[in-house]
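Heads up, the next two complexes both have subunit A, just with different partners, subunit B and then subunit C.
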Partner chain A sequence: MDLMLFAPEITMVATGLAVLLIGLFLPVDSKKVLGYLASLGIIAALYLTIVSLGTNTLAFYDTLSVDALSQFFKIVFLVVALLFSIASIKYTEGSAHVEEFYVLAIFATIGMMLVASANDLMVLFVAFELASISTYALAGFEKKNPQSLEAAMKYFLIGSLSGALMLFGITFLYGVTGTTSIPGIADSGAAIAASPIGIIAVVLLIAGMGFKIALAPFHMWAPDTYQGAPSLVSALLAAGSKKMGIVAAFKVFIVALIALQVQWQIAFAVLAVITMTLGNVAALSQTSVKRMLAYSSLAQAGYITMAFVVLTPMALGGGILYALSHGFMKAGAFIATAAVVYMVLSENKDTKDPDHIDNFKGLGQRMPVTALSMTIFVFALAGIPLTAGYMSKFVLFSSTIQAGFAWLAVIAIINSAISLFYYAKIVKYMYFLPTEGTKVSEPLPYTIALVVAVIGVLAIGFWPEPFIYWAMEAGKVLLAGGI
Partner chain B sequence: MLLSLIVLIPLIFAVLTLLTKTREQARAMALVATVSVLLLTIYTYFNFDSTTAATQFEEFYSWVPSLGISYHLGIDGISLPLILLNAIVMPLLILFTWNDDRKAPNRFYSLILITQGAVLGVFCALDFFLFYVFWELTLIPLFFMVSIWGGPKKHYASIKFFIYTHVASLVMLLGIFGLYFAAWETTGTPSLSIPHLLAQFQFIESGITRDLIFLALLFGFIVKLPVFPFHSWLPDAYTEAPTAGSVLFVLLKIGGYGIFKIMLPLLPFTASPNLMITIMGALGAVSILYGAFLALAQKDLKRMVAYSSLSHMGYVTLGAAGLVSLSVSGAMFQQFSHGLIMSIMFMSCGVINKATGTRIINELGGLAQRMPKLAVIMVLTFMASLGLPGLTGFIAEFSVLAGSFVNLQGYVVIALMAIVITAAYHLWALQRAMFGVYKEKLGNVVDINGYQTLAMGVIAILILYFGLNPSPVLDMMLTNSEHIIGLMAGMGV
Partner chain C sequence: MIPVELYIGLSVVIFSIGLYGFMTQRNGVRMLMCVELMLNSANINLVAFSSYHGNLTGQVFVLYVIALAAAEAVVGFAILMSIFRMKDMIDLDKINILRW
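After this line comes the complex of A and B, so read on.
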């Protein structure tokens, strides 16, 4: 076994420990260094992951796999972590707890990366919990802010419940098949299909993962948490942690439980339609931008869920590509919001709702780079051509029609049309409503993170070929039933 | 490279215009961009071979091979006249607005340029992906155009326009997907190339699939055109838009272009071509008559012009459904002629509204005494619009009616009834607004300024020129219509 297979994870662990240790000895005003260190570590891990694309092997007694699927999702998580860590350099400025903040984020990312690689339900669960527990703490990072604490509390309670449900589902599967290995369970498909317990396991697993992905009706925590948590943490949750739920669900349902395909396909079809419709309709009337983004994130999860229903290589490729695009778009949108919140709070510390849409008025003049990036992100989320969002929707929706689910594609397309309204509303506030404040200088780390995300969004939009290729490869791994 | 330049120059200049600070810079930038496009288009025109229906000036780069998407541009006799129309009117439109005082001029001119780039992109695109991208791109600047600089009901009008045409484009997208996958199934390779998919349409096995694809695409086009009964966004959007916005709407000939470029080559291969012809012919004839009656009933001059636009667009569908080369080329020429005529009509409405503060026809009167230059141009345009021989409107409408009579007598009879009404509302409006006793309460009205005279005058001269000598654009339209009709004859339709 080659340890180099896990070079990205090892790099991340080393970075995390280094940040933690070095942070202990640094005075508060030079802790900025930690942000640079973390970002460099993440870039190194990202590089190592990209060069390992194309590897196909199992490791650690077949409990971890390195394949196109795992590497693709690792790229998604690392990209989100990178954006998060760059932007956080400014956010954590002057705080005494910089090292904790970064370590939690890095460990959360490691958890997500291991979920992407997991080939065994126990590993999957442990990695899932590693990511969850780190993010619980992150959500409550602003410990003097009651909103942040409420968000963390809600997230923690519901997250634990969903973890328990998932574990319950896993034990049932273990009971029926006698193994926790994902391909092993797939091999005992006949036993699962024959036993009534199989259905119970499916229900529990859908509920457990549905909480993480925030599928309606398991979504209640998401708007509150995304709104209350620090904006950058919301970026990590919506863009990263949600994708972890999706990759876990991909592995558990499409690989392990393929025998019960008919049952869970119907469930996912219903959940996808409800989730995207509810997300888009609820987003229409929001005045808190973070809450609006939370609902929009719900809708996006609904679109990705369509991949479970269609289940062709192209649809899975589309769903996986969507996950990457969503990583860029949603993390970017939350970071732009974070920059606005930062600006509002630095003007007046006691502003009640710093992410209220009124604060976006005239942003085109006040913070031109942030406003332009935000425009690109929301248009990408809405699926305007030549952005990552459009390309992903194009592949995903067209594959849905190809597979004969025209009704589902029609619902999704109508939903996209609805979503344009609230996205356009943000743009309208930024560019067309009179400004009250004056031009402010934009914090550099936020700007860098935004520019990186914009490049990502436009790169996938203009030159999608390599991204589509690798997403399809990742999809093929799933349909081949793992390695 | 030539076509890429024509499409990209407006889009690049749109960004540059957005960065300008003053009105002077913004309008100069917009003028430079539109004049460059005009020069390139004139160059293209003189190097274009109008004796062949083949695609010319093709550019092809593979873009996303795994999905069959390519960057593929090219023009033929259907698209070039429309590109020419757009390229001619745009710089004149910039001149027309030269001295206007409005908020955020940099955004205003930027949106005009985006619209131009997007519309030209639709005309040049030979790949459905690109076609759809440009098609959707036309929507956004026009939406903002109406919702920022529009009249009192601008929010209602812009949202209505947006929903209507966005839903229609999504239906069209479904049609494109249907065609894409059906052809993928037959050939085994994905491709979104328009010529390829048009050629593959006939090999789709299921007749119902073919009909559904055809209807989905048709729906997208006729809502944009628009045609009764999908026209209700038109009067609101056209009327509430600022003058420049209305002219942009008029130049948005993409709906009709889609009918000629995409619908007609598919028509003979649908499972029930006669049904499709009936649908198009009937909708066209009803639009002509219904639009004329609605125009007659309007009190607001601009709204009247908007409804007359609906009536004129009926000729496009009717002529297309007529399926003889005379009617099809007449319908294509109607698009060209309508673009010129309606540009002046809307400019006149804008000028009158600005000068007098009202567009209600009954409140106006005797304006010709105070605005002689406007009066001359308006009378010429109104005559062209009602179809006076010697002007462009006559050639278009006569060809459509005469050509369609071969196959669609009943519908032509319906359309003929509209001619009287068309003449009536034009003359009546002209008489009440421009002639008679000058209404003193309108105050001290001044005539159009030099830039406006230049802009409207040049278009008016073109209306006269192409009315007397249509062959510079009509020849290539005839070549293409004969080509299309040749396809049909092969199928025995």
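After this line comes the complex of A and C, so read on.
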């Protein structure tokens, strides 16, 4: 076994520990360096992941796999972590707890990366919990802010419930098959399909992962948590933690439980339709931009869930590509919101709802770069051509029609049209409504993170071939494991 | 030897008690205890299946679950503590700033 295969994870662990230990000995005003250190570590891990695209092997007694799927999702998580970490340099400025903030985020990312690599339900569960527990603490990071605490508490309670449901489901799978290895469970598919316990396990697992992906009706926590948590943490949750749920569901359902395909396909079809419709309709009337983005993030999860229903290589490729695009778009949109919140709070420390849409009035003049990037992100989320959102929606929806699920594609396209309304509302506020505020200088770290995300969104839109190719390769891994 | 079905019955009953408590209780600490019940019912399942199949995977899994439950409780109690310091109570029905 080659340890180089896990160089990205090892780099991340080393970075996390280094940040934690160095942070102990630094005075508060020089803790800024920790942000640079964390960002460098993440860039190194990202580089190591990209060069190992295309390897295909098992490691650590077949409990971890390195293949196109795992590497693709690791890139998604690392990109989100990188955007998060660059923008956090400004957010944590002057705080005495910089090292905790970065360490929790880095360990959450490691958990997500290990979920993407897991080839055994035990590893998958432990990594899942590593990411969850780290993000519980991050959501409540502003411990003097009642909104942040309430967000953390709701996230923690629902998250621990989802962990318990998922674990209970896993124990039944172990009971029927006698193994926790994902390919091993797939081999005993006939036994699972014959036993009534199989259905119970599927229900528990859908509920457990549905909470993490925030599929309706398991979504109640998501808008509250995304609104109350610090904006950058919401970016990590919406763009990273949600993808972790999706990759875990890919592995558990499409690879391990392919024998019960008929049962869970129906469930996912219903969940996808409810989730995207509810997300888009609820987003229409929101006045908090973070809450609006949270509901739009529900809708996006609904689109990605369509991949479970269609289950062709192209649809899975589309879903996986959507995960990457969503990582850029949603993280970018939350970081832009974070920049606005930062500006509002630095003008008046006691503003009640810093992310209220009224604060976006005239942003085009006040913070031109932030406003322009926000425009690109929301248009990408709506699926306007030449952006990442359009490419991934195109691949996903066209594969849905090809596979004979035209009704599902029609519902999804109608939903995309509805979503344009509230995305356009943000743009209207930013460019067409007058403001009494003056131009402010935009904080550099936020701007860098936004520019990186914009480059990602446009790169996938203008030059989609390599991204589609690797997403398809990742999709093939899933189907090859299942059949 | 006790048949494995009885163990499953026990774990399902404990899990249901935990889930029921989680749905009905509104005190943060009680809800946390209900989650612990659910995790421990899964542990009973794992150990029972481990002896039924005659392999050790389940027992190893139980050790991980115990460690994770402890870690989860630490973070959970820390969050509840900060809420208690701010509001002097942990009744979740009264913690509702965030809604539309």
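General remarks:
Here, the second predicted complex is superposed on the first by the 481 of 483 C-alpha atoms of A that agree within 3 Å, B and C clash if a C-alpha of one lies under 4 Å from a C-alpha of the other, contacts with A are read in each partner's own complex, and residues count from 1 in each chain.
Just so it is clear, a contact is a pair of C-beta atoms (placed from the backbone, for glycine too) under 8 Å apart; a residue touches a chain by one contact, two chains touch by 3 or more.
Predicted, not measured: the structure shown is a model, and the values here were computed from it.
When both complexes are overlaid on chain A, the residue A:M220 reaches neither subunit B nor subunit C. In the superposed model, A:I384 lies in contact with subunit B only, and not with subunit C.
Once the two complexes are laid over each other on the shared chain, residue contacts for A:A417 go to subunit B alone; subunit C is not touched. Of the two partner chains placed by superposition, only subunit B is touched by A:S398; subunit C is not. When the two complexes are overlaid on their common chain A, residue A:L284 makes contact with neither subunit B nor subunit C. When the two structures are aligned on the shared chain, A:F432 is found in touch with subunit B, with no touch to subunit C. By the touch criterion defined above, A:I266 reaches neither subunit B nor subunit C.
Greater residue coverage of subunit A by touch, when subunit B is weighed against subunit C, goes to C.
Across the interface of their complex, subunit A is touched by residues 4, 8, 11, 15, 18, 22, 28, 31-32, 35, 38-39, 41-42, 45-46, 48-49, 52-53, 55, 57-58, 60-61, 64-65, 68, 71-72, 75-76, 78-80, 82-83, 86-87, 92, 95-100 of subunit C.
Against subunit A, in their complex, subunit B makes its touches with residues 63-67, 107, 129, 132-133, 136-137, 140, 144, 148, 163, 166-167, 170, 173-174, 177-178, 180-181, 184.
Touching subunit C in their complex are the following residues of subunit A: 122, 125-126, 129, 133, 136-137, 140, 143-144, 146-147, 149-154, 156-157, 160-161, 163-165, 167-168, 170-172, 174-175, 178-180, 223-224, 227-228, 282, 285-286, 291.
Residues of subunit A that touch subunit B in their complex: 384-386, 394-395, 397-398, 401-402, 406, 409-410, 413-414, 416-417, 420, 431-432, 464-465, 468-469, 472.
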